[in-house]
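Two complexes are shown next, each including chain A; its partner changes from chain B in the first to chain C in the second.
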Partner chain A sequence: MTARSAAFALLAFFVATFIFFCVAAPRFATASNMENLMSGFSFVAILAIGQSFPILLRGIDLSVGAIVALAGMIVFDLELIFHLPGWLILPIALVAATLAGALNGWLVVKLKLQPFIATLATLAAYRGLVYSISGRQLVPGLSTTPIRDPWITGLETYFDFGSLLGISDWVTLPWVPLSFFIMLVVLAAFHFLLGSTRFGRSLYTVGGNPEAARLAGIDTARVTLAGYAVSGFCAGLAAILLVARLTTATEALGTGMEMSAIAAAVIGGVSLSGGIGSVVGPVIGAFLLGTILIGLTLLGISQYVQQILTGAILVAAVGYDRILDLRRRRRLVANLAEETHA
Partner chain B sequence: MSNKDDTLNGGDRRDFLKGLALGSAALGAAGAGLFGVDPKTGSIGPSSAMAAGNIKMAFIQWQPHTVSSAWSKGMEEVLKTQQTVDYRLLDGQNKVEVQVSLMDTLINEGAAVIFLQPIDSVALAPSIAKAKRSGISVITLNIDATEAHAAHVEMNHYYGAMDIAKAFGDKLGGKGDVAILNAPPGIIIRDQRTNGFLDGLKKYHPAIKVVADQSADWSRKKAQDVITTLLAANPNLAGVYGVNDSMALGAVDVAKAKGLTGKLVIFGNDGEKDALESIEAGELTGTQYTDVYQQGRFAAAAATVLASGLVPATAFKQQGKLLMPYVIATKETVGTIQPSQRW
Partner chain C sequence: MIASVPALGRRLAPHALPLAMLVIIIAFAVSEPAFLKPDNLIGIVRQVAITGIMAVGMTFVIMTGGIDLSVGPVLALSGVIALFSLDAGVPLPLSIVAGLSVGLVVGLLNGFIVARLELPPIIVTLAMLSMVRGSALLIGGPDLHPIRGHEAYAAIGSGDFLGLPISVHLFAAVTVLMVLVQKLTPLGLLVAAIGENERAARLSGHRTRLTKMALYAICGVGAAIAGIVQSSQVHTASAVYGEFGTELDVIASVVLGGTSLMGGNGSIARTILGVMFLGIINNGMNILNVPIDIQLIAKGVIIAVSLALSEWRA
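Then we have the complex of A and B:
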């Protein structure tokens, strides 16, 4: 099965799951539920897009949840302690998150640390940093002060296309959250970056075969560093959307989000053995997870069962990835054998 | 029919439709109820009509914990009895975004009342506002939210801690050095309990001196380490107040190991089963006991009255508040707490 047909299989599975819940779960097929799905999982999709880059490079980024908290707390501090304007805060937070990601890449490239270990270490370090810079603890009273800057809260905006198109009298369309459009823009940008630029081709080559990439004259260190920086950038963006939604940041923000991001990426067909996958799959993976979680909640199924099920789906996706990988290797060996015979 | 305005902001949309729906439901219910007495409950009025379709209520907890599961048990007891309420417990998994997503789901489901133990007072405020716009009453437990809602039912943090300070000082004979094992900053409960304790000391026992106030992260293990260090630095330490029982029990562990049982006055807060047993064993000096099953029942009682009385979330002029009765449990009073009240 090729990568393309695997993507179609994923899409088909997503559509089937979606239709199942539309039929089976009460109030799943409603406009407000579609809104909930879009506003509740767009940031997970953005995290999954970011996570795809380290995984494409045969690595992983466990620190994304901590980077979410770090970027969130930077927004919190700059807004409530330093009273900077929102238009200045947002780029600062994004740059900080990107740098945090780049530091992961630096540890992997320069110190030659295993990505798992490097990002596990920064997970702890970034989370510690969040606690130490937390304005909630440094300044009494801030923990109950909401963020009101329109530049930030404005990100939690919904668009009513039903009224814009003048069809709201006949159908109730979901109001589409701005975060969903931001996710689409990120998706388009990184899809273009991966598919149509030299950087993208280099990234696939480095992930697929680092030695060959080096021999082909690709600056593998730079590509790797950039890959982790992208993951950090996406975590920063997700943090900003979350802060806009919550009107605050907490020290524990983003805890466990690396699990959702990695699960969505792997379910989305990004191969853990590197070099194979897209950013479209992870987005579908994120909304698949969201559909299942919301659908099961509406069906009244215990959340503990939901967590088990999420784990099972992840195992299935990893297992499937493994089978594909083995098949590819076998084909490669067969091809080589044929060539030597000829 | 159009219920949407042209603004791009999530604000007041659908209120009108929802309002119409709620209003007609209320009228229908009232109409149906006015014609007779319910043969099962004997009540006259809207509540009898509600049996036609059960109303939904749910509790979103912080994370699995003895306190929240006892609340849930108390709520379930009351709500089951009504025969007209479907109740369920949902888990926030210690993540604000999960609680927010669950709020959204319950709002979409058209729940009548949402019980909420918010992880953060600010982060859940937009969700509470959204629920309110949809006519859903939100009742918070223990941790208040910055957005006004139907009601808040809390353990009596401030006044209870004042009474702890009084009993604490009495045991110390009105003087001595004491330490506070505190929660990490940023949680309202921490401030309420700490301020109550300090104000209580000022009022009843001004000669007592607080020599240390350190965070032990709510944890028994962490409290053991912190108190060991504190005892080394303050050999004259006469008393310890843990803002929850786990931390107080951590201090008890250290006192036992150092042969200070009975000499070091140690108070906790909450009143969980382990703490009460420790008081009976003569180790922990005392704690503020709250019947949390009862707290759940009270919240459920308020919810039932609101829902069966068809009181919409928008009807409140300001947020309702209920403080739980409590007992300062010491060796002398702990026997009054019945086994069925222990959690």
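Then we have the complex of A and C:
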């Protein structure tokens, strides 16, 4: 119940922040700004969903930004150098990203590297790989050619529900980007995976207590490997959406995005000590970050102050998580004491 | 014979890093004799001085099971503050003190939140990274500020003393000081005790929280020293220095030196080995004109392999 009330508190905080900016910031409560928020942070939410899996396993994935660049560059190369059809490119890029994530898991499981170091090493390695396969450098002149394949650019579609429902004469509803719906599908799928399948239960068990999970007969190595593969898959998906939006890929795509993803996951209540959290929280966390960043920009507050505030919010979020954790433990101790007395 | 191979491996594993270093040095020396020239060797130490000073400060923090991701922006801010003080007419020693105090304040703040409020270090210092970078940009803006007319300050990074660059002397001095702290003072023991079992150390009556605050402060000051060395070396100060990746290089050096991220084991002297290892790899690949993409991949592979080797021993 505590986990649910924490998620509820987060949602309440998100709504309060949202209302605050609607009132305080000029042009925040407009349809076009909502479009910005949805299209600009859906992929951050997808990255945060992916990042939840390693964190639930007491690990971390620092390489997601580099995987985003890798998958983006694969799309770029296959499209502009090899001229493959878009319906073929997208699955190839997703598989490559998933494999990159699985390699992280393999390093953690087989070589027994600490996740922080393993994904730090692959962060460097994947980014290096991006430079060496970069079509922008291999084929001169390609860097200014946009990607035009309808399968890819089609992902950057907006749905006008206002005119669909015939109410656009009275209110201006935001056009909802396809990426937002993809994010919702990913959210539903992984929420189901975590909450209602054997794999999900195993994942929570391994994250909560790896030794107990092993003794209970769970294949901890396979679960861990799968967790990191999910993180890679989500990075690949985010990369595709980003490339569709930019109609190109660069070597620097995704730089620093691991920070946003980790921050959103932690703000969303995924505990760094493993085994506690959901994928709904990180999504709210991502849009909370987005609301604050966009809101502050509209208030005319300098980008530098925003960086300071983002840090402060992160500390506040983990501080709050810590208070909840302490309360949970105190209640447990109190319950135990009552039971022994009774 | 077959049975003795794992035994031999186990005996050699603790020396994996020095051995790997030897192999790499020989490989570089054979393929490019210029690698072994004294000028190049001094150049390597000079190149790693900045990372090295930060790694020495970071070692204790990692030994307690913590981490400090905020060193990059601290490096930038201390350089900016030192230069702005100089430009405002503050005398050189006071300007340097001003720069160093940036590291002290940020480090104490990190330490306070981690030790007192018991929040996870990785997130606290990640947040601090963002906050210090924002503050640095707020004060210095995104521009490069050239250092003009402060010869004494510029000498810190680019001057020579007794035939060696002053930055190398500084690196050596910081290292010797911290090695002595680890070997000869109670602090060195206490750090290991906290890393091994923090609760036991606290229950034995040690002031673990105060100690941890001090360690983060040392780490912050190390980053601030590095910031002053860097800004004086390149004759510019900027809020964008120490970009993302700096802290990762520092952490990689410490961990390559055998300090466990879980805390407990670790030594300053071996951290220097890790720093030199990365420095030699970078320098050798530059001399051999290895393209930057291959360099990045090789660095990642080498870090993963050498750590896997040391894990194999355990």
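Structure notes:
As a working rule, the second predicted complex is superposed on the first by the 321 of 342 C-alpha atoms of A that agree within 3 Å, B and C clash if a C-alpha of one lies under 4 Å from a C-alpha of the other, contacts with A are read in each partner's own complex, and residues count from 1 in each chain.
In this section, a contact is a pair of C-beta atoms (placed from the backbone, for glycine too) under 8 Å apart; a residue touches a chain by one contact, two chains touch by 3 or more.
From a predicted model like this one, the values you see are computed outputs, not experimental measurements.
By the touch criterion defined above, A:Leu111 lies against chain C but remains apart from chain B after alignment on the C-alpha atoms of chain A.
In the superposition on chain A, contact of A:Phe192 is made with neither chain B nor chain C. By the touch criterion defined above, A:Ser39 lies against chain B but remains apart from chain C after alignment on the C-alpha atoms of chain A. Applying the stated contact rule after C-alpha superposition, one finds that A:Trp87 touches neither chain B nor chain C.
In the superposition on chain A, A:Gly256 makes contact with both chain B and chain C. By the touch criterion defined above, A:Arg136 lies against chain B but remains apart from chain C after alignment on the C-alpha atoms of chain A. When the shared chain is aligned, no partner comes close enough to touch A:Phe8: not chain B, not chain C. In the superposed model, A:Thr297 lies in contact with chain B only, and not with chain C.
Comparing the two interfaces of chain A, the one with chain B and the one with chain C have residues 134, 255-256, 303-304 in common. The touching residues of chain A, when paired with chain B in their complex, are 26-27, 30, 32-33, 35-36, 39-40, 134, 136-137, 140, 143-146, 156-160, 162-163, 168-169, 175, 242, 245-248, 250-253, 255-256, 293-294, 297-298, 300, 303-304. In the complex of the two chains, the chain A residues touching chain C come out as 60, 107, 111-114, 116-118, 120-132, 134, 255-256, 259, 262-263, 266, 272-273, 302-312, 314-315, 318-319, 322.
Interface of chain C with chain A (complex): residues 67, 113, 117-120, 122-124, 126-131, 133-135, 137-138, 244, 248, 251-252, 255, 261-262, 291-301, 303-304, 307-308, 311.
Listing the residues of chain B that touch chain A in their complex gives 1-2, 4-6, 8-10, 13-14, 88, 90-91, 93-97, 100-102, 104-105, 107-110, 119-123, 125-126, 146, 184-188, 191.
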